[in-house]
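Going in written order, the chains are labelled A, B and C, and every chain counts its residues from 1.
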């Protein structure tokens, strides 16, 4: 396989009762790329990234991050190792200010220029004018951007974005795409996305999940040409 | 007294404790099971039952059996009505938020306790037993009334079991317990079920209190121990499990009796409270529960 | 954080100044009451750090207060130590017991956490009764006068007593302000608001909450020790469930998660109970009614409600 794997899973499995949410998934994420994870609703995408970042306990299989076995590492240690996750359902601290939300993510390990770093990130996502607003007074699109800002503030090596463009306007999506392009290759991006325009535009690699299993992996061009993917997902 | 008879005595005392405890804990367990409410005022309902029994028997006078029989009917109904009122005025307004209801029932506990202090006073007063005969065993004589308490508790428990498992009321309660919204969609009046369950839970505590008060005396602070022991029973038995509650009540009642007789009642409670804390930490489904009920 | 760095210190400093002046003008009866209120406010601040800022709804803080109270009282009476050392021992006892409790109780959350802390505190209370020969049981004991002297000042007299109470209060409220204004304070609030999300920012919920509980225990322990030393009595009733409920009530009343709320809550509740006990023996009715009214109509408490309306400068 080409490239250097930043993250690799082998036989990664998670069942919920009788439901095989994730079933024996082998997956490699190349350093410095934007990798999209697509598939129909209920394909197991969110469970899969939940396993990667430690929100969901692994049932079987292994996860290696940068050569280190993190299969059973607690979530907060994975974050410290460099895996950041932004939530599908916006999960900001609603009662805190925009500044405090981002500062929380930026302050560990402790840094003396916290105020400047926080403002820099807010400038990056375009929220610097809302810095003192309480987070729950932001519009939905701005809350999504705040969520992404928190991810960036962690200075991750791997940024996992779970449906980041859901509910964003076209202008906001354009801004988002520029934002993601700017963080690679220092940061590797794993993107769960339903908006195919965004996926085809951004992704270097695409993995298609269906019924908890990998259906195909490849470049946007090969995925678009793949017959199995077309019948299962793209609607042929 | 030799060890054997002494142990027998301890076990019999434990059985009386267990019988009353099973009733009280069952009330707490029902309320938690159906409503997900941790009712800290449960011991206060117990106390109200006992204090009420004193008022009723005092008012009737002779014969004591008549007053006692009346108390056994009136007190649970009255306490149940107070509970239903508290449910409507307080718990319902909090939307049964788990943490807020705990704080609120602590408030209710103080209010009931201080009301009893005002109306009934600070003294402990006896309530005459409805009958007094002793069962003469080869080694010692034993109160016939205490044996009757065990019997009466068994009858009430069987009745509750029938209601829960063999009647429409029980079915409605279980439906509400499993899925509140679904029950509502099927036309069940959830508000009424909650009021009824809260009243029934408090009523069970009052029945237990009326049964025990000829042995124990009524006092406005008497609610603490039954509350603590019921908590212990409900948690060890597994929250919301009727069978677990009974098994745990038997276990706690008997061991409380034995440890109290041979060592000290305080030591028995220390062991029980620590046991509860450790069960919650390491085995939250209870010692006898199967499902994880978090 | 952002904004002027001095602003959050103005309100506590103004309060300290006011209290210092009152030390010279209060009549004897209220002088003694105020000293009690100041010590209990230290306890309330400890509770506020855990519950108000971090969301740890403990029903067992009497255990930490009692640990400090008995550590100081027994060290003075049995070990003949000085008041200063006894205060230190009380501080450590509160923190140590909180650490041991937290290691177990923090494996649970929500309602389970409430019940586990309640049970541990109850076990602690019962242990005091069980070892009555050593602890004085229900009746407690009077703290020896030799242990009620600090730096030559007789703590049984009004001035030094008020002085020590105010000194402790000052350290406690400035400490509380410093903690909640530090980056760690932001993590505490994050744990209260959404601990699963905070974990996804790299913070260990268990470790954070354990540190908070230990700080809370240190506050509670030193408050217990000071209460025993200043007012001369150590008894099991201070370790009973009521002293777990009261800090919750104080903090709810004054405003949870505010710097001045704990003091305000203790002040109001103390005088409410004091006033009502001159009319009725059922003066704890006030506690029950206040709990109900707060949880039903004003869950933010007095300062929390004002802050919501008039901005953050107050609290």
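Observations
We adopt the following convention: a contact is a pair of C-beta atoms (placed from the backbone, for glycine too) under 8 Å apart; a residue touches a chain by one contact, two chains touch by 3 or more.
Just so we're clear, the structure is a prediction, and the values are computed from it rather than from any experiment.
Looking at chain B and chain C, not one chain touches each of them. Among the remaining chains, the Cα-based centre furthest from that of chain C is the centre of A. With centres set at the average Cα position, the gap from chain B to chain C is 33 Å.
Here the spacing of chain A and chain B, counted between their Cα centres, is 52 Å. Between the Cα centres of chain A and chain C there is a gap of 43 Å.
Residues 38, 90, 93-94, 98-100, 102-104, 106-111, 113-115, 117-118, 122, 224, 228, 231, 235, 264, 266-267, 269-270, 273-274, 276-278, 280-282, 284, 294 of chain B are the ones that touch chain C when the two sit in their complex.
Looking at the complex, you find that chain C touches chain B at residues 57, 59, 104-105, 107-108, 110-112, 114-116, 119-120, 122-123, 126-127, 129-130, 241, 245, 248, 252, 280-285, 287-292, 294-296, 299. Of all the residues in chain A, the ones that touch chain C in their complex are 53, 55, 74-77, 79-80, 84-85, 87, 91-96, 99-100, 103-105, 107-108, 110, 114-115, 131-132, 150, 154. Partner chain A is touched in their complex by these residues of chain C: 1-2, 183, 186-187, 189-190, 193-194, 196-205.
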